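Below is the structure I would like to discuss, written out as structure tokens.
First chain written, first letter: the chains are A, B, C, D and E, and each begins at residue 1.
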Amino acid sequence: MSGGAALVWLLLGVPLLGGATLAVAGRAVDRVAPAIGVAVAAAALVLGCVVAFTRPAGSAPLLVGISAGASVDGLSALMVVTVTAVTLAVLVSSVAEFAGTANPARFYGLMLIFAGAMLLTVTATTLVLLLMGWEVMGATSYALIGYWWHEPHRVTAANTAFLTTRAADLGLYVAAGAALAGGVGDLRLADLPGASSPWLHVVTAGVVLAALGKSAQLPFSFWLSRAMEGPSAVSALLHSASMVAAGAYLLLRTHPLLTASGWGEPTVAGVGATTALVLGLVAVAQTDLKQLLAASTCAQIGFMVLAAGAGAVAGGMMQLIAHAAVKSLLFLAAGAWLNALGTKALPALRGAARSYRVVGVTFTVGVVALAGLPPASLWLTKDELLAGVLQRSPALYAVGLAAAVVSAAYSIKAAWYVWRPLSPDAADGYDTERKGTRRVAPVVLAPLVVAAVFAAALGVLAVPAIAQPMKRALGAAAEPSSTWPELAVSAALAVGASGLTWWWGDHRAPLPAPVQTVFTGWLGLERAAHLLLVRPTFALAGALAAFDDQVLDRAVRDIAGSGTALARAASRVDGQGLDQVVTGLAAGARRLGRAARRPQTGQLHTYYAQAAAAFALLALVFVFVR
Amino acid sequence: MSLQLFLLLSAGLFSIGVYGALSQQSIVMIMMGLELMLNGVTLGAGAFWHYVAPGSSSGQVIVVVVVVAMAVEMAMGFAVTTAIFRARDVDMVDMAADLSR
Amino acid sequence: MFWVLALLAAGGGFLVFRFDSMARATIALLVSFVATGGLLVVLGLGYLGVVVILMMIMEMIIMAVFMVAYMMNPAGLMPMAMYHNKPASLTISITTFVLLGGGIFLVRWPHRDSAPPADPTLQLGMALMGPQMLTMMTLGFALFATIVATVVLATHRGRYDRFGDDLLHRPAADPVPGGVGR
Amino acid sequence: MNERLGPLVPEIVLAAGSVVGLLSGSWLPRRRQWVVRLITAAACLAALAATGIAAAQAPTVDFGTSYVIDVATNTVRVTVLAATLLVVCLSIDAVAGHPRESEFYVLLQLAALGTIALAGANDLLLLFAAYLLASIPGYALAGFFKDALGTEAALKYYLMGALLGVAMLTGITLLYGVGRSTSYTVLRTALASAPHGVAAVGVVAVLAGLLFKAGGVPAHFWVPDVTDGTSTPVAAFVTTVPKIGGLAALLRLLTDAVPTNAVNWPLLVAILAAASMTLGNLAAFFQTSVKRLLAYSTVSQVGYLLMAVAVATRSGLGITSLLFYLLAYAATNLGAFAVVAELPQARSLSDYRGLARTHPGLAAVLVVCLLGLVGTPPTGVFLGKLEVFTATIDGGYGWLAAVAVANTVASLFYYLRWLGPLFLSQQTDSAAEPLQTTGGWPAIGAYTAGAASLTLGIAGGAVLPLLHGPLS
Amino acid sequence: MLSAIVFLPALAALGLLAVPVRSPRAAFLWTWICVSAVDLVLVVGAWIGYHPQDGFGWAENIPWIPTAGVGYHVGVDGLSLPLVGLTAGLFLAVAVYSLRETRQVKSYVCLFLVLQTVCLGLFVALDLILFFVFFDLSIVGMFFVIAGWGHGERSRAAATQFFLYTFIGSLALLLGFIGLSLAATPHTFDMVTLARTQPLAGRGAYAGLVLLAVALGLAVKTPTVPFHTWLPPAHTEAPATGSAILAGVLLKMGTYGFVRIAMPMLPGTWRRYATVFVVVGVVSVIYGALVALAQTNFKRMIAYTSVNHMGYILLAVGAAGILAGTNGQARALAVTGAVTQMVSHGLLTGALFLLSGVLYDRGHTYEMSSYSGLAARTPVFAGATALAAFGSLGLPGLSGFIAEFQIFTGSLPSATLGTAVAILGILLTAALFLLALQRLFLGPLRFPDAPGTPALFSDLRASEVASVVPLLALAVVIGIAPRFLLEVIEPAAGTLVRLVSR
């Protein structure tokens, strides 16, 4: 194994093993866990930066003709750095939230495994390895969302998240099989487009399904809303650089496949655009900060998916990175407030920015970026990818712009609340979630500031001087870049929308109540899923179980009736009842048994008669049978 | 006077014996029935010897064996009857029906 | 001659189960047997015929004595009818007879292979001394077994009752004094 | 002529043993009759040794054509003698000091002798003589203790035997009438051309007697009543030893004397087999008396044995499988009876509750023997069943094999009913402890039989080759 | 070597029989542990000494019943060696777990030692009759385990049902074996010979009947729907150790029979009816998962998941029989996956059943509704169970994923629709395990304080940890670095696939 290979395995091994160790060690290491966690994350970041330049690749045989390959190329290099960086930031900031609470070792361990799984996903070159990272990520997300497992509703949320994403993951299993059938023996991601039809389409469908599910695109979005039950730090990581991002990443990575399939690109683009718009509206309708951010995540990821569908790989990638910074920033801020004030309801957060200045400012930076207001990062990156879209289809471009407007709306809405003057009775709204500490630990501020800087500055990615080499690295040199008119248009729209929103304040939207509720309720997707899938499944399960007990088992026992009759007889022996065991033919067997013993009358003459008759009959028969 | 006639007669004796063996209650009477059946057999054997296989001595030997069998069965019968009569004072098979099912 | 004997044999046999007294039944059976013996003589088996007749006379006498000794009706002369499931027995026996009879007349019996030997008795003797010797030996042991068996079953007083457990007690403790040993 | 006594040494030894036993018995003090026991055992062992020597010789025919010494005869000799020894072992505690103890052993020997003669007989008349010799001691043994039930058992045993004996004689006469002889060797050729109706009736009638010995349907009526009524050692004897001779005789008669084109006896035997196993199993289902249960199980075992007879001429494996099954069956069945004999007070299945705790050894033997009777490896009967099933399918009686499988499953039900309680804890309230053991001789017999049953299963490979060979 | 491995436990049992019952429990239990440990060491030795390329290793072939064509023929190859290892390991784990057993320890230990011999013997047997002997003895042994050490009187009924049901199956199997041997000339029960000479090649109907008989017998033991109904009661009534062995080893006898007997000896027939097996497999997968989803009794639920997991194996072996539109790689993957699944299921379900035993030991009930939030009181217990559960639902990094991924990937090309449906199974298992974990361990703390249950619901004890953790550790190792296992399985699987496709 070459040094390079060693390096890539090391990159994966450090967080995974470190995390596993922490998680297994459990309470024993609670006190040092935060330190270790941060240290490991830092090491991972360093490794990440190193591999980003050395671009190592490793491969090991795994199954018959299938190897586990991992390498760092342009795309994954960016991801690796982003992931490790965000992880470090989040872990640092979460020290405040978790030091001292119910065993932090578990938390940091799981977070590290989570990050490691994400790294595995982004570096994997074969489907099997990707799937491994992919699934582990899902499982750890379950454990993290359900971190406060004493409260059942959080656990249910975790179940929902895991089951929804896994349902989508099945697509990858199918894709793997189909790829094999299609002649891609090694299941290399790069070779997937070469799969023979019709398997090619199966592969595409599987991959797309999995990606959409993971990145909470329509119609899977609801799980992300439930995922808010988890700690803020978890949300920060989950929404920014990993999990949801993974879906977008997978689509960007397998873009050639989408192209090869023909129908893949438009579908993906369509779903992305729709999600960007609709979930944006959902975000607008939210009155809970974290719910708002969650919906906005779906919407922003929608842009990336749109980019993947439109072939704007570079743009999508920029958006992903910038958004990672922004979203982690916002969630950290929200987490800080939640920690301090014990609430995440927007009305209750009025004036929060005033009472916690640093948080407020950094939050605002994030919001501005999210709104797509110049000169912050997302303004540029979004336009970069929209440029690619425009080239494909003006219609989608229009939808994209609309979505941009909406994003401005919900972002500013959040900002408007937190900058309201602090009302005297503000404290009444606090401590709805938990007992707030009324202070923001300084350790949190550092990552906030750093994230804010990145959130503001990452727009430079779109600056041609940087964008061109990056595009080359991504092998997407041909992709168009945004032009000044486009930038101007989007800026104008963003500013306008922002102004409007600020002026509108918290007046209720001029929409009929039902529409409102649809959007506040995340389009009722979860209820739909329950009605259409979960309930029927459980009903069927129950029915089958009953069938198994009452019909199948009984039928079998009836066939073996006398066997269970024996069970009764045996039970009679020791006076214990086995009545439930005894069924149908038991009686039949008993009857047979009795019939068989009826000849044994004890009367000799009947023996004589029977024997004589029987032998006479036999003789008669065999006189004629020969 | 032919084989068939002899056989018919022995069949008759045999059947009467069957009837006796099946219908009688007293052990001794049952034994009589059996003896009667054997009687028929004797006759049959003799007839077969005379009309079918005078060359083979087996026919005669059968008769001897039958006679011995009669004696043996008779003796055993009396012995068993005595035993059960002593044990439970019955000589009727119907009264010896404790063992059943 | 055949017809007379046949009539006697069948009639005797038939009467065995018609008489209501065991003694009479015994006599009827005896008649039937004697007739059979006669028929054997008719068939040229004089020796065997005589043997049968003698044997049966002995047996029937024993049987009569036995009944007088044991049966519940002294002298076995008291009227009695002890039947069970008569109809079934009748059906079975009659069916048997019909089937056998039918068979007897339907079957094409083999023809006689050779003339009867000049002296059947000699033939019998040769057989018993030759190929059938083992049969006779076995029958001998069967008789031996019968003796032992009947003694075991029928006599309730054995040697240990008469001479004590160590067989040293003299004279024998017999319910009725006398017999050998004095 | 060839009246050689040389090949008959085992039989002669046994006969001599019985005579000597009786004579010496009548001069022995009551408490010293164990000498007779020794004489019996010695006779059996000597006979076994003689058989061992005889087995080395080639098959021979003796006394004209009336007696055959071949693999079947020798196997039956060994089985019967060994079984008799085991029964002697079982009965020691029961008859020791009984005023008729000597006679008991004498009768055992005579019955064994008759059984062996059954197997060797190659002439219908000798067959009947052997039948008498094998039956009569049995009647006496059944009623040996002269208690109410015992005598009733003797009565039923005797009357069934008498009737079916008469039937057998009738059959012999008929076969003679159409075959002009009673010697198998002659009959084989003669019956081929004989009126088959008479032949069929004759064969069925002779079968009646042999089925009585084997205790198969429809001549099985005596089996449950006798087994239940008489003492356990005798029950063990009459359900094991006569079967061996009866089936061997059946095999020889049908294969040697009756050509299948005269009478379709394979089908006849197949039907009898199916009837026996089915009836026996069904009747055993809800038995609570262990002895009756064992009795019915022996009836069903006859069914499996008859399977082998049915295909004796259609499959090369038939004869061997039958002989091996007989061997294994004798050991296993005696083992089960030995356990019953060791626990005289335990009459019903429930009495065996907790046996595994109180007498693990006996429980183990019981498990081995009962599961053995089911046909669970690695017992001898499993191997026997394997051979028999193979032979049956090979012989083209697939349906019979299927019936047998179904019956095997069915039989499992009642054997498990017996085994189940073994492993429960005993009821504390059981005032009268039913699991009192007798002197311990039966236990020795049980261990021997159980071991033999296992050995036959594991070392069957060594035994089977000895059972190959033509019937002459 | 193999004979030593196989019969060492039985000999030990014989030795223990001589030891008086009164002697201390520990004496028996520790002897058992030592014997199992030695046996495991021997197995590891055999593993190291086995070279995957050279077919059957450590073969011994001694004529046993030559006249019947039966021989004592044992040997291991890539299909059996993993299962032998699994058996040895699982029995050791069970032995350690049993350290706290108190009921009739002597017979308990002897019984399990004999059972170990039986299970090992079955997997190394290369003669049909030898196979059958062990097959039947396993039934007998398990019957006594359930009847003697189960939970109360109901266990006898369950044991009886188990015995009768599987015994019927075994008889069908026997008929099938006889059919096989009769077709060969000279009659032989030797697996290797039969697989080489293919006596039934081209015997259409007859071969079909034989396959039917064999498949029936194996399907009952496996068990597949609809022959599974003996499984839940047997498991619920059996002691934890019994369940662990029953699910971990005995069920494999059925699936192992498919790859060892049905496929190589009746390849043509297998190909003809492959679809049937696929269908049965898929039905078992979905049915088992759904019924398990509806269970409220923890142990019953695990029992039904066994039906589901065995279904995957049947799907794989069935798919391996369909040649159309597939390549050797896919079929090899399927078979390899099937064998891997046997091992994986043995480890994980074995662990799960042992853990369910812990639950019963503490709370005296398997009803999940009587528990809640146990994680607060028993973190280790919760963690171990969660790990086993996630492994069982196919989480990467644990053995389950390696097995199921291979099965799906290998089966999909040939049995596309069936596999697509079967994949839903892993979603269902995920759902039911998450629900179970939530009910038992998460939420507010609650556990039954029935009389007899310890007031303090204690966490895993040393012996329990020592028995469960190694199993899970092995599952993780297989999940992360499966090569050491697959390198043994793959050659044999390849051979089998070639045999079936020829």
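FYI, a residue touches a chain if its C-beta (ideal position, glycine included) is under 8 Å from a C-beta of that chain, and two chains touch if they have at least 3 such contacts.
A quick note: this is a predicted structure, and the numbers were derived from the prediction, not measured.
Looking at the partners of subunit B and subunit C together, the chains they share are A, D.
Among the remaining chains, those touching subunit A as well as subunit D are B, C, E. Set side by side, the interfaces A-E and A-C show unequal numbers of C-beta pairs in contact, with more at A-E.
With centres taken as mean C-alpha coordinates, the chain found closest to the middle of all protein C-alpha atoms is E. Comparing mean CA positions across the assembly, the chain most remote from subunit C is A.
Work out the mean CA point of subunit A and of subunit B, and you get 95 Å between them. Put simply, the C-alpha centre of subunit C and that of subunit E have 71 angstrom between them. Inter-chain centre distance (subunit D to subunit E, centres taken as mean C-alpha positions): 42 Å. Averaged C-alpha coordinates give centres for subunit B and subunit E that are 65 Å from one another.
Multi-chain contact residues, meaning those touching two or more other chains, occur in subunit C at positions 84-85, 88-89, 92, 96, 103, 109-110, 113, 132, 135, 139, 142, 146, 149-150, 153, 156. Touching of two or more other chains is recorded for residues 563, 566, 570, 574, 597, 600, 602-605, 608-609, 612, 623 of subunit A. Touching two or more other chains at once are residues 125, 129, 132, 136, 139-140, 143, 146, 154-156, 159, 163, 177-178, 180, 183, 197, 201, 224-225, 412-413, 416, 420, 424 of subunit D. Here the chains touching each other pair up as A-B, A-C, A-D, A-E, B-C, B-D, C-D, D-E.
Listed in rising order, the residues of subunit B touching subunit A in the complex are 18, 21-23, 25, 93-94, 96-101.
On the side of subunit B, the complex with subunit D involves touching residues 14, 17, 21, 27, 30-31, 34, 37-38, 40-41, 44-45, 48, 52-53, 55-56, 58-59, 61-62, 65-66, 68-69, 72-73, 76-77, 79-81, 83-84, 86-88, 93, 96-101. If you check the complex, the residues on subunit D that touch subunit A are 155-156, 159-160, 163-164, 167, 196-197, 200-201, 203-205, 208, 217-219, 221-222, 224-225, 261-264, 267-268, 271, 278-279, 282-286, 349-350, 353, 410, 412-414, 416-417, 420-421, 424, 427. Contacts from subunit C toward subunit B in the complex involve residues 2, 6, 9-10, 13-14, 16-17, 22, 25-26, 29, 32-33, 36, 39-40, 43-45, 48, 51-52, 55-56, 59, 62-63, 66-67, 70-72, 82-86, 88-90, 92-94, 96-97, 100-101, 104-105, 109-117, 120, 123-124, 126-128, 132, 135, 139, 142-143, 146, 149-150, 153-154, 156. Every residue of subunit A that touches subunit B in the complex is listed here, in rising order: 597, 600-605, 608-609, 612.
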